[in-house]
């Protein structure tokens, strides 16, 4: 049984169909990439899976259970973690604070039990701070620091700096660190290397490979193709809201439909481009 | 035109440095758009492409550096003044006025113009370039499909009779069929004598209609040259697609 | 049956007046995504221009109307130029807070110039009425309907057929795209403020004539009514604003017919909260759309907070504690006691508005709940005073959280409007629920403070008592802020979408913040009631809520120590310098404006 299964997902905005009937499944321990040009509907698909948007049609299941339309906070408790395309960090929280928020759903002190009493209990625990709460907090803090340390010199020296002062690339790293703090069962990465140069991209690729090797299940949106090709067990190609190809990286890479939609056309219809180029040369 | 004369620069960015708060987006960005050409600025997401567009249109002011249009420093001008100098814009994600009709959207493109009769004439002219829009004139722009919206956005920019049109990812979110159509139209607009500066993610697409290209990576130009040369340059994929050998 | 027709006519006429207000608010919201809280002040200024024209200049009606429209339009231009334009590019809630400051300043100036006393504004029309069916219509009714109708037609023509009108519509639909078409959006802003203010001023004139009564205090109600009508119709939707206004007018008119005049505003605010919760995009919004992003954003400036080490805080507390031994004048001690009570309100609001980012403008309601709880428990049930104050904290925490619940699912400006309305609902409930609260008479003879039977009556004892409460609650709040709760609260403030994605259920954590904050505010209200020995529904009014917000912004949002210092400065200094009461409010308004403009992070920065 796949860990994540998406079937027939549709989302329309006004006259535009952003996602038009997408099927997708991710087996446990695998890394599946979604590629496609900007505006193909990849991020909308992520939002539909992670509960930030509700589909007009279709179904999302996680670990066999229907999670269509679940609120994001509920999905976090199922340990489904995501990063955001534009780096939604908590600007006034430190790097460490951001990562600790990632572990929020794991806190025993914050578990939702009874609707009202659970919340009051949480308040009481935060006020009294008994030994168990302090130990849990200390353990999480140590774990968060270990996660930050995986990003080495990029984040470790900045652990107490507010996130608003970080570079774009570092915000992306904080996002991934925050997601890891949830110890996710499924990790959704939305363009983790956007805004990174080649060296930084290579670092990120190594990190994702490491995460995959440790058994983490990952759904990845990415534009950098050689990264996608080397990391993925399966590649799903989207264009104009639909899946136009899927399969092993090697197969997808040579699929003419993919080359056409994603990598560009060898010949633009009617040879207008050639004409334009010819004119320019005159 | 003799082959030896250097092309006349219509738009020039010189050592532009831009910041969002404490974070630097552009590092000494310089580029030139010669008159009459199509120039593509290529790069991945968050490379600083769209910010370049904002700088040219005056929506964002750089910390340092100059922006010249037709020889004039436009760095201190406000967006409406820059538009009046003869720059048209096709914004990212089209940005039509959703509750206005297609006709009203097109006429908004001619907002800075006072020559009413010429505007009416240009509306006819634009509709010959985009014949499909003729049947949609009364429809609310927000109800159009993505491809149709892109047509309106381009036609709207043309209505200002600009010397230069800046296009931000004009093929974004379009079905492959429309992508072709849009690229053809861009080439056609260029043949009408309008210089075009377009920001694109899809390199091979953009370079096929462009004369020159620049590749932007984390705020720096890492590659530039004639489109025909860049098309066959392996480094271009390295630069932002990450070196895939496909296609 | 006859009366129903009268009520309908009355409702439509009043609705027409509201429409003049609401259309202006919708226009302004359309182009600048701003809910203009200074709109009621323009309305008051319009009414007073009319009064000067009629009573002193004896102008004929058409000239009066022109004077009012022109004067109000000019005021609108000034507000736009000096109050709002400098805030371009700052956080989204900053202009909204600025309009609140502007409205404070304008209302106080009107009050200082014309005195707070009401004045008669005679209609200059013949006093005839004629019968239709079972009801009657007067000349003034027809004038109001005519002005409403003419304005709507002119506005429609302007928006539909003029180039500038197109620019206004384009700017409202997509400001950036409009700029890229060459539209000067600053000019559009000016035009819109001028038109909206002219309509608002006219509305003030017409209301004044309709009731033959004007006073400076009607500003706040006018703003609220306009906002209600606008929200009912969908913010920024001009036809919606007109329909919303007529609905509001009818609802009020029928409500009064059923239950009496004092319920009028209650209906308006309940309507507002219901609409905000059920259909936040208004009655006429199209189906499910992407969430309206422009309304998000809190008033948090990225800043490095000034860190205050614990020893410094303890030293400050020690100084405050020994002060009564040094200072002899009871007056000074009373002033500082007052400051501690405001500081309790301040730490409450700095948690909710600063740490969690929910800019609440109904915070005085928590004081009122606390005050009434403690007063009524001691008087009616004989509960000892100390215990009653503790109960006041718990009741304010619980009831306050329940009342604020509808606002939890809202974001940005909507939170501010909803909390303002909820605050007004509490005040009106106190006014109308006579069997419990003694209604407009208020509660007399509230016993002084005592603890375990020992009276706490001397200025010194009261000082220590309030200081001790403040120190304990502030310390507890700091403790919470350092726990995982503090982290979760700040995460909600900085990015509620990302926070939800990491398991932070917004309702739960906002509720916990309101419980914590409600407790401190309730205690403050409870103690206050025993110090005053008399409270009524106006003791804890909306001005207090805004003063609390000023205190909190002055100290630095979310900053517990900052809220205390802010309170000492804003409550203590005017008292020490014996500033007359009407100038005090003026100062508060100016301080708020200057802070938003020049130091949004406050004295000690955001934490």
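Per-chain residue numbering starts at 1, and chain names A, B and C are given in the order in which the chains are listed.
Note that contacts are C-beta pairs under 8 Å (C-beta built on N, C-alpha and C of every residue); 3 or more make two chains touch, one makes a residue touch a chain.
In UniProt terms the chains read A, B = ABC transporter ATP-binding protein; C = ABC transporter permease.
Please read these numbers as outputs of a predicted model, since none were measured by experiment.
Participant: If you average the C-alpha positions per chain, which one ends up nearest the average over all of them?
Facilitator: Centroid comparison flags C as closest.
Participant: Looking only at C-beta pairs in contact, point me to the busier pair out of B-C and A-B.
Facilitator: A-B
Participant: Taking the mean of the CA coordinates per chain, how far is subunit A from subunit C (ABC transporter permease) in Å?
Facilitator: Comparing mean C-alpha positions, subunit C (ABC transporter permease) is 41 Å from subunit A.
Participant: With centres defined as the mean C-alpha position, give me the subunit B-subunit C (ABC transporter permease) separation in Å.
Facilitator: 45
Participant: Could you work out how far the Cα centre of subunit A sits from that of subunit B, in whole Å?
Facilitator: For subunit A versus subunit B, the centre distance works out to 30 Å.
Participant: Of all residues in subunit B, which are in touch with two or more distinct other chains?
Facilitator: In subunit B, 21, 98 touch at least two other chains.
Participant: Name the residues of subunit A that each touch 2 or more other chains.
Facilitator: 164-165
Participant: Two-or-more-chain contact residues of subunit C (ABC transporter permease), please, as numbers and ranges.
Facilitator: Where subunit C (ABC transporter permease) meets two or more other chains at a single residue, that happens at 302.
Participant: Report the residues of subunit A in contact with subunit C (ABC transporter permease) in the complex, numbered from low to high.
Facilitator: It comes out as residues 13, 50-52, 54, 71-73, 75-77, 81-82, 84, 88-93, 97, 100-102, 104-105, 107, 109-110, 112, 119-120, 122-123, 126-127, 129, 133, 137, 162, 164-165, 178, 182.
Participant: In their complex, what parts of subunit C (ABC transporter permease) are in touch with subunit B?
Facilitator: 163, 166-167, 169-170, 173-174, 176-185, 302
Participant: Enumerate the contact residues on subunit B facing subunit C (ABC transporter permease) in the complex.
Facilitator: Those residues of subunit B that touch subunit C (ABC transporter permease) are 21, 57, 59, 78-80, 83-84, 89, 91, 95-100, 104, 107-109, 111-112, 156, 160.
Participant: Report the residues of subunit A in contact with subunit B in the complex, numbered from low to high.
Facilitator: By the definition above, subunit A touches subunit B via 14-16, 18, 37-41, 85-86, 164-169, 191, 194-198, 201, 223-229, 239-240, 253-254, 258-270, 272-273, 275-277, 279-280.
Participant: Once bound in the complex, which stretches of subunit C (ABC transporter permease) touch subunit A?
Facilitator: 288-290, 300, 302, 304, 476, 479-480, 483-485, 487-488, 490-491, 493-495, 497-506, 508, 511-512, 515-516, 606
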